[in-house]
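Labels for the chains are A, B, C and D, by order of writing; each one numbers its residues from 1.
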Amino acid sequence: MQELIAKLETFVAERDWERSHTPKNLAMALSVEVAEIVEIFQWMNADQSRETDAATRAHLRDEIGDVLIYLVMLARKLDIDPLAAAHAKLEKNRIKYPAGSRPEKDFHGQT
Amino acid sequence: MQELIAKLETFVAERDWERSHTPKNLAMALSVEVAEIVEIFQWMNADQSRETDAATRAHLRDEIGDVLIYLVMLARKLDIDPLAAAHAKLEKNRIKYPAGSRPEKDFHGQT
Amino acid sequence: MQELIAKLETFVAERDWERSHTPKNLAMALSVEVAEIVEIFQWMNADQSRETDAATRAHLRDEIGDVLIYLVMLARKLDIDPLAAAHAKLEKNRIKYPAGSRPEKDFHGQT
Amino acid sequence: MQELIAKLETFVAERDWERSHTPKNLAMALSVEVAEIVEIFQWMNADQSRETDAATRAHLRDEIGDVLIYLVMLARKLDIDPLAAAHAKLEKNRIKYPAGSRPEKDFHGQT
């Protein structure tokens, strides 16, 4: 992860993109990249989404790469370590959703 | 990253969430988490988004943690290594947008 | 639709929200509202999404209302008539996807 | 709006897309279309988003058309009238955010 952060800093500096890389803009770009993943799955059923072919998998690899790139660039602007943030959030989730609790769907808008 | 992946596998297994964690569903959950970041910035101008206070920063840390959690869970289902995917995509982006090229915005829907 | 537009103009003016209602910000708000719909469906399978109960339906009605509200506010800022835009786009889609053509999914990232 | 709904029903029936048009899938498609609007604005500042040129405006018109098309198709599946839903939600918002209240941004994740 540290190597990726360093490479991204060089990449952005070489292109003089710092000015447009506000946290607000990076949040938008992150959401656009995630939508490209959603687009791939939108008309698939559950099983099709589990059994994607090699071409789709290669496409997904590119899009997952882009999402992580924008997430890291956003986190850097906010002085947040994304891996530490994920570990900390996972601890919160452990308490919020105890093991053996009802299925996750019950916590998400279904009653 | 490897430690996060291992912890997430235990977390999901302890809660019996594997069944609902199809790639399709995880892509949706990822987009929902990203929208929580977008929500924080939606009414801020560029400068406000650069100068968030401690409470907002703590909120953003949680949401960035959630985005990385769902991204890692999705990538795992697809046998994709998110860090390797980001490095590979960055190489593609280097070629697509050469250093010293026109500003990024020119490549995104503005003519 | 005209009545909704007029009511929204009054609503925004009474609250002095015009300043923060840039097209950029309204696009973000629109995406946040749509994510609230996605959140409702994220852990459902296809059949569950077809057979939502009354409480979920009431929740969806609120969210669909919010999406249309932000879409109309965004379109107004851009001097775009959303209904005319939808009719025009439907004509384009008729040509792009001829009747009797292969299923829609073939056009969306699946090969 | 009624004319648009009728046209969309014919359009979908002629292409045999009903099967893949579950509420879940339509919610995903709606979010993908909204992301295409967000993409247009992602690197613009507030003023640039207010002063888009004719080509960008034409692009936005197409995307706003697509968003309304998917919103109407989703609402139809759920037996929800989107215009009535927007009017009802606006009444709720009137009560939630009284006229003369603090700016909207205070209600959205900023404290």
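What we mean here is this: a contact is a pair of C-beta atoms (placed from the backbone, for glycine too) under 8 Å apart; a residue touches a chain by one contact, two chains touch by 3 or more.
As the structure is a computational prediction, the values presented were derived from the model and not from experiment.
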Check: In terms of C-beta pairs in contact, which of A-D and A-C ranks higher?
Finding: A-C
Check: Matching C-D on over half of contact pairs, by residue number: which of A-B, B-C or B-D?
Finding: A-B
Next item on the list: Averaged over CA atoms, how far is the centre of chain A from the centre of chain C? Could you give it in whole Å?
Entry: 23
Next item on the list: With chain centres taken as the means of their Cα atoms, state the distance from chain A to chain B in Å.
Entry: 2
Notebook entry, point to check: In chain D, which residues are in touch with two or more of the other chains?
Noted result: 20, 25, 28, 31, 34-35, 38-46, 103-105
Next item on the list: Show which residues of chain A lie in contact with chain C when the two form their complex.
Entry: 28, 31, 39-40, 42-46, 48, 53, 55-56, 59, 103-105, 108-111
Item checked: Residues of chain A that touch chain B when the two form their complex -> 1, 3-4, 7-8, 11, 14-17, 20, 22-25, 27-28, 30-31, 34-35, 37-38, 40-41, 44-46, 49-50, 52, 57, 60-62, 64-69, 71-72, 74-75, 77-80, 82-83, 85-90, 92-94, 97, 99-101, 103-105
Next item on the list: Write out the stretch or stretches of chain A touching chain D in their complex.
Entry: 20, 25, 28-29, 31-32, 34-36, 38-39, 41-43
